[in-house]
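Data first, discussion second: the structure below is written as C-alpha cells.
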Amino acid sequence: MLRMSGIVKSYGPTRVLEDVDLAVEAGEVMALMGENGAGKSTLVKILAGIEPADGGTISIDGATVSIRSPGHAQAAGIGYVAQELSIVESLSVAENVFLGDETLGFFRSAASLARRAKPYLERVGLDHIDPLSLAEEHSVAERQLVEIARLLSRKARIAILDEPTAALSETEIVRVKAAVRALAAEGCAIIYVTHRMPEVFDLTQKVTVLRNGKSFPAVETAGLSIGDLIEAMLGRQLGQMFPPRASHAGEEILRLDACRASGLKAPVSLSLRRGEILALAGQVGSGAGAVLRMLAGVTPIQSGSVTLEGSAYAPSGIAGSIARKVLYCSDDRKRDGIFAVRSVPENLSAPALSAVSRFGLLSPALEGEHVTRIARQFGLGERFLGRLAGNLSGGNQQKVALGKWIGLDPKILLVEEPTRGVDVGARSEIYNNLRKLADEGLSIIFASSDTQEVLGLADRIASFFHGELVRICNADDVTAESLTRDVTRASEAA
Amino acid sequence: MTSQDASQRAKFTIPKTAYGLIAILVLLVVASVTTPGFARVDNIFVVIRAASLTGIVAIGMSYITISGNLFALSASALGALLAVLFALLTAAFGFAAGLFLTLGLAVLCGLAQSLAISLIGNPIITTLAFGTVFRGLAALFSGNSILRIESEAALWLGTARPLGIPTQSWAFIIAALLSWFVICHFKIGREIVLCGANPKAAVASGLRVGLVTAIACAALSIGVAIMAIMTVSQFSQAKADLFMGYDFDYIAAVLVGGIALRGGKGTPLQAALGAVLIALLQNFMLLHGLSAGVRMTIVGLLVIASISLFHILQGRGR
Amino acid sequence: DSKGTVVVFVPSSTNPYIGQFQLGAKEKAAELGYDIKVIENNFNQSEQDSQVQQQLASGETVAGYIWWPFENAAGVGSLRALSQSGAPVIVSNQYPIKGTEAYWTAYAGANDFLSGKTAAEILLDACAKADAKCDKGAIIRFPAGVSAGDDRATGFEDAVKGKLDVVDVVPTAGFLEDEGYKVAAQIIPARKGELTWLYTQNDSLAGAAAQAARENGLTPGKDIFIVGGTCHGDSKHVKSGEIAGTAIQSGYWEGWMAMQALGKFVVQGKVVDGESYLEGTPDAPPSDADPLYKYNFLPNPAVANSQAAYDAAKLWGKTADELCNF
Amino acid sequence: MTSETKSNLARLGLMIVVYLILAARIPSYYSQPGIAALLDSAVLAGIIAIGVGLTMIAGEMDLSVGSMAAFAGILSIQLFPYGMVPALLIVVLFCGLLGALQGYCIYKLNISSMVFTIGTLIALRGLTLVVSNEKTVLIPFENIAETDFLSAKFFVFSIPSATLLVLVLLVDFVSRRTLWGREIFAIGGGRGEARAAGVSIRRPIVVAFSISAALAGLAGSLLSFRTGSASPLGFEAVLLEAVTACLIGGIALAGGRGSILGVLIGLFTIRFLVSGIAALGAPFWMQSLATGALLIFVIIAEAAIGYVTRRRRMARALTA
C-alpha cells in the first residue's frame, strides 16, 4: 500500500538517510527499528510532511505522491504520532484530539468536540478524563494517549507511531497495543517505531531495520529472535565500540541511603566508588534520570541521606552541586546543555568563567588554554573551535555539552542519556573519553535507556522500572536479555 | 524545524557589526555624492552628536536585548523621572551630589525592574507598567513646573566641547567602546551573552541569571540617566514631559544595528552604529528638505528592511 | 455661596504651561466665586472626547465650560456636544476653526497668528536696529501636524512677506529644547553662511537654536537673528541678548482670562461680535466689566532682549519673570 | 468550572470592585447617560484591543495598530465625499489587506512580529503624515450633522459602542467556535506542536494580523467620523491602552491563553479607573500611576496564582 524508496535526507553536512526503502501493506504493522539516531524519526517525519526529503519517491496504492506539508500528508490519509509530544498544552483534551483536523467543518463547539472525542479517548483508556479539561493538567503518559486518540480519530489509511509507548507504563502500553491492533484490523497500514522488544514480537508482523541511515529489507517478525534483531540493529560494531573496563576501582565516594525525590516511587540506596562508571538503566519515566536530577540539585532530596566523601550532601539548586564538584549533564542538550548561538570555545568555558578570568576580565590566554585542553581531551578537532555550537553534529554537540564540565575538575559526573541522538562514530569516542576520565579517577553515573550502551560502558548497573530500583549488579553478571527484562519487565508483559 | 535551520546557518558568521558598518559606508557614499556639504567632517560630527543621546540609551537597551530580555518600554518615562530628580537634587545638594545620587537612583530603578522581571518573567509587561509609574512620579515630583538648575559644572557638562567634540558625543563614544569591552572582555559580559543565548543552559551551567538581568536593567538605567543628566545640564532645566514617545526610537536603533531580539548575540557597538545609521539617514533627509512624513516613512522602511535582512542573513527563528 | 462649578478640559499638566493655565483659571475662579474642576487628558483628543461625554452624562448643572482641545479640529464633535448642553462654552488656547462659531460662546486665549506676527515684528526690528542685512532664513516649527505650528508659521510668513526670504520650514519632533537642538544643530551648519535668521515658534526651541548657532561659530544677535516669539520657561537666552526678543505669552493669564470671559458672560449675558485684543497694560488686568467679544485675545507684549527690559516688563501686574519662568 | 472561567470571574470581580469604588464618588457612573458615555469611551481602545488581543493569543503582537488607525482615519475622512458607509468599507477592507500582507511577511520571514511591527508602526505613521499633507483633515461643516447618528444613544448604546460589543461577541465566537479561531489559539499555545499536528501556521497568522489591522482601521474610521475629523498624529496612545486591556484581561504575552471576553473585562477595568480618576478632577499623573499600579497588581497576582497551581499540579502528579 505504502512504498517509500530511495529516500535521502541530510541535515546540513550530515547525511541522516541514504537510500532508504520501506514498504507496508494494508492491515500490516511494520516495526521500524534501529539505534538512537539511526534516522527512524527522520524517515517518518518525511512521510508525515514535517520534513522535506532531499530525494526518493513515496507512492501510495501505486500512485506517486508528493508530501510537502503536514496538510498534504493528512490529505493523503497519513496519520502521525510524533516522538516528541505534539500536544498543545493550553488547549483542551478534546481539541487536541482534533487538532489540525479540518474535516470537522468550520464551526466547532467545545461540547460537540468533547462528544466526538469521547469514543476515541475511551479506546485509549482515557475514559476517566474530562475532554474539556486542559491538556496541561494531565500527565505525560495521558498526553501521549491523547495523541493516539488523535490518530484514531483521523481514520488514517496509513498510521505512523514514533515511540508511542516510550513514556507509558505497562497498563497504558496494553491499551495502545489494543488500539493499534484495532486499527490494523480495519485495514490500516501501520509503521510502528519502538525500542521495546516485547512490543515488536507482540504486535508487529514485519520489521524494517535502519542502521546508519541505511535500510535493510523487511523480515518477518515470527522467524526472529531478540538476539537476531539486536545484531541487525547494531551490526558488527558492538565489540569495538566500547573501551575495556577498568580492573580497579577506588574507595567509596558517594552513598545514597533510602533517598526519595520526585519521579521515584520507592527509596533508592546506592553507592559509587572513585573511578567507577555506574549505569542507571531504565526506560523513560523509570526514575533513572530522577536520581541524577536529585543528585544535581535540580529536584530536592525529599527523604533519606546522601554522603559525599564522608560528609553530608544536600545541594540546594544546581549551583550547590556545582560547588561540590558534582556536575550534571541533562538528556536534552538543545534545551540546557549548549548555547547553540555561541561559539564552541565560549560554550566550553561557560561554567568555568571564574577560572579563565582575572579581576573580572576574561583572559584570552587562560581561556584558550582551558578550551584547547578540553578539546584535546574530548577529541574536538581544531576546525570545530571556530564554529557555533548549534552548527555541530549531534555527536560533537554532545562532546561540548559534556566537555564543558571537565574544566571544573569534577569529582562526579552525572550524565543523562550520554549519547541520545549521537551517531555511531562520535558515540564510541564519547565512551572512550568517559572511560579515560574514569581511569583518571573521575566517578561517573549515567542514566540510559539504551541497553547496549549500559552493557558496554558501565562497571556496575542499577536497573530501574517505573520509579523503582529493580536491581544492582556487576556489568559482567548482566546480559542484554536479562537487562531488557529488568527495565521493561518483559517477563510480566509476556 | 529550528534545529534544522541551526545547522544550515553554518556558513554565515560574518560579524554583524560589519553589516552595520557597510550600510553606513554605503549611505555615506550615496549621501556625499548627492548632497553638497554632507561629506564634510563637521557634518559627520553633527550626525554623531545627533545620534549621541539616543545612542547612549540604545546602548543600554542592547544590554537588555542581548541578555535575552527583549526590550524595555520604560526608558523614556524613566528619563523624565531621572531628569526631574537630577534637577531637584542638584538644586538641593549641588551638581556632584546630584549627579551621583541620580546615577544611584537610576540603578535602584533598574534593580526594581529587574526584580519584577525575575518575578513576573516578562520584561515587556513589567516595563510597560513601570513606565506609567515613572511618568506619574516625574509629574508628581516636578510639581508641574519647570525645574531650573544653576550650576556651572552642569552647564559645562551639557555644552562643553573638549577637543572640539561635544561632551554628549564623548559620552556616546566612550559608552559604546566601554560597553563593547564589557560585553566582549569582561566575565560578566560573557555571562550576559550566555544567559541571553540560552537561559536554561545558563542556569544549568551555574551562571547567575538573576544577576545578569539586574545588570542589564541597571545598564539601561545608567544609559537613561546619562541622557537625562546631559539633557538637563545642556539646557539647565527639567520638565516632566521630557522624552515623551521616544521609546521606539531606542528600540529601532537596537534593531537597525542588527541585534537579534531573542538575545545572546550582538554587541552594544551595533546598537551605537544603529543609532548613527538612523541619525545619518535623518540628517541626509533633513538636508534634502524631505517632509517629516516622508522622513518617518523612510525610517520605518529602513527598520523593516534592515531587520529582515539581518534576519535572513543569520538564518531564521525567533 | 458658590456660583456653581466650572469644568475645565485641558491636556496634561505634565506640561508646565498647562499647569500655569490651570493656576490662572483657578485663581480667577476663586476670585469670582466659582468652584472649578479640571479634567486632564494625556495629550490625547479621543481621551478628551470621552471625558466630555462622561461629564455631560453626569447631568451635573455647571456654570460653564472652558475647553482647551488637544487637537482642535479633531475635537469639534466634543465642542458641539458641550454647546448642546446649554451651558456657556469658552474655547481657549487653540484658535477655533472657521465654521464652528455656533458651538461656542466666546474664544478667550492666545492667538497663534498674532504670536507669529509679533515674532516677525521683533525679528524685523532687531535686524533694523543692528543694521544687519536679513534675507534668507528658516522656520523651525512645531511637529508636523500640530495646528498651532501651522498658525504661527502663517502669521509669521504673512508678516514677513516681501521682506524676508523663508528658505526652509523644518518641523521638530517636540516642543522642548532637546528637540529644537537636534534640528538646529543640523540645519545651521548645513546652511552656514546662508541663514541670517531663524524663527522657532517658542523660546525653548529658540534657546536651543542659539546654543547650536554658537557652537557653529555664529554669534546670535550678530551673525544670525533668532526669535522664538513666545516666552516658554527659560528667559536666559532673551536676557543675554542671544534671542532677538520675545513676547510674553502667559499660561497663567490665558487661564485667567478664559475664566474671566466665562464670568463676564454669566454677568453680562451677551457677546459682542468681533475681535478684541485685550490691552497689554503693565499694571492691572482688564476689568471684568469690559464687554465680552466673540474673540478675546491674550496680548503678546513684546519684550526686548536685555536684562533691564526683562526686569521692566510686566503684564497685568505680574512681572515677565513670574509669567515666563514658571 | 474551568480554570479559564475562574480567572475570568476573578477579573470580573476586580472590574466590579474598581467600578464600585469609583461609583461611590461619581454619580454619573450609575446614570443611564453616564454608563452610555463610559461605553462610548471604551470604543476606540476596545475595538483595537480585540485585534491586538487576537495577535497576542497567536503568540505575536501587532504594535502597528495606532498608526493603522490614524492612517484609516485620514483615509476615511478623505473618502467622505463618496459616502460614509462606502468609505468605511473601503478603508476597513484596505487596512485588512495591509494587515494580511503584514501577517504574510511575518509568516514568510518567520520573524518576530514585535520586531516587524515596530517598523510598520513608524512607516505607517509617516505615510499617514504624507497622505494627510501633515494637516488635520475635516469633514466640511455643512455635512457634519450627517455624522450625528454616530453619537445618538439608544438606551445606553450608541452605534459605535454597540459595534464594540457586537464585535467582541463576534470575534469571541470566531475565536472560540471556529476552525480559524482555534488555529490561532493552537499556534499561540505551541507552534511546533501545532505544526506537527498538521495545523497550518500561515493561515492563523495572516488571519490574526488582518483582523487586527481591519479592526484598527474600523476604530480609526468610526472615531474620525464621529468627530468629523482626523489628525495624522492621532491614536498614538491607543496601543499601550489596548495592550494593557489585554494583559489585565488575561491574555498571556506568551500566547495561547485568554479570551476576547476577558479583553472586554480588562478594557472596562481600565476605563472605569481612568475615566473615574479624570472625572474626579485629578491630574493626569494620577491616572498614569493608577494604571501602572493596577497592571503590576494583576500580573503579580497572576504570577503568584500560576506558581501555586503549578505547585499543586506537580504535587498531584507525584502522589498519583
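The letters A, B, C and D name the chains in turn, as written, and every chain counts its residues from 1.
Throughout what follows, a contact is a pair of C-beta atoms (placed from the backbone, for glycine too) under 8 Å apart; a residue touches a chain by one contact, two chains touch by 3 or more.
As the structure is a computational prediction, the values presented were derived from the model and not from experiment.
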Hopping along touching chains only, can you work out the least number of steps from chain A to chain B?
1
Given the two chain pairs B-D and A-D, which is bridged by the higher number of C-beta pairs in contact?
B-D
Indicate the whole-number Å distance between the mean C-alpha point of chain A and the mean C-alpha point of chain C.
73
List the centre-to-centre spacing of chain B and chain D in whole Å, with centres computed as mean CA coordinates.
29
Between chain A and chain D, what's the gap in Å when you average each chain's C-alpha atoms?
44
Between chain B and chain C, what is the gap in Å from one C-alpha centre to the other?
34
Note: chain A residues in touch with at least two other chains are 50
In chain C, the residues touching two or more other chains are 12-14, 43, 143-144, 171
Please list all residues of chain D that touch 2 or more other chains.
129, 132, 134, 192, 195, 232, 236, 283-285, 288
The chain pairs that touch are A-B, A-D, B-C, B-D, C-D
Looking at the complex, which residues from chain B come into contact with chain D?
1-2, 70, 73, 116, 119-122, 124-126, 128-133, 135-140, 144, 240, 245, 248, 251-252, 255, 261-262, 291-301, 303-304, 307-308, 311-312, 316-318
Show me the residue ranges of chain A that touch chain D in the complex, using the header's touch definition.
48-50, 69-71, 73-74, 80, 82, 84-91, 95-96, 99-102, 104-110, 132-134, 136-137, 139, 150, 262
Which residues of chain D touch chain B once you look at their complex with the stated criterion?
105, 109-112, 114-116, 118-132, 134, 192, 195, 232, 236, 240, 243-244, 247, 253-254, 283-286, 288-289, 291-293, 295-296, 299-300, 303
Hey, which residues of chain A end up touching chain B in the complex?
11-14, 50-51, 318-319, 322, 328, 330, 334-342, 346, 349-351, 353-354, 357, 360-362, 387-388, 390-391, 404
Show me the residue ranges of chain C that touch chain D in the complex, using the header's touch definition.
12-14, 37-47, 49-51, 53-60, 71-78, 80-81, 97, 99-100, 143-147, 150, 171
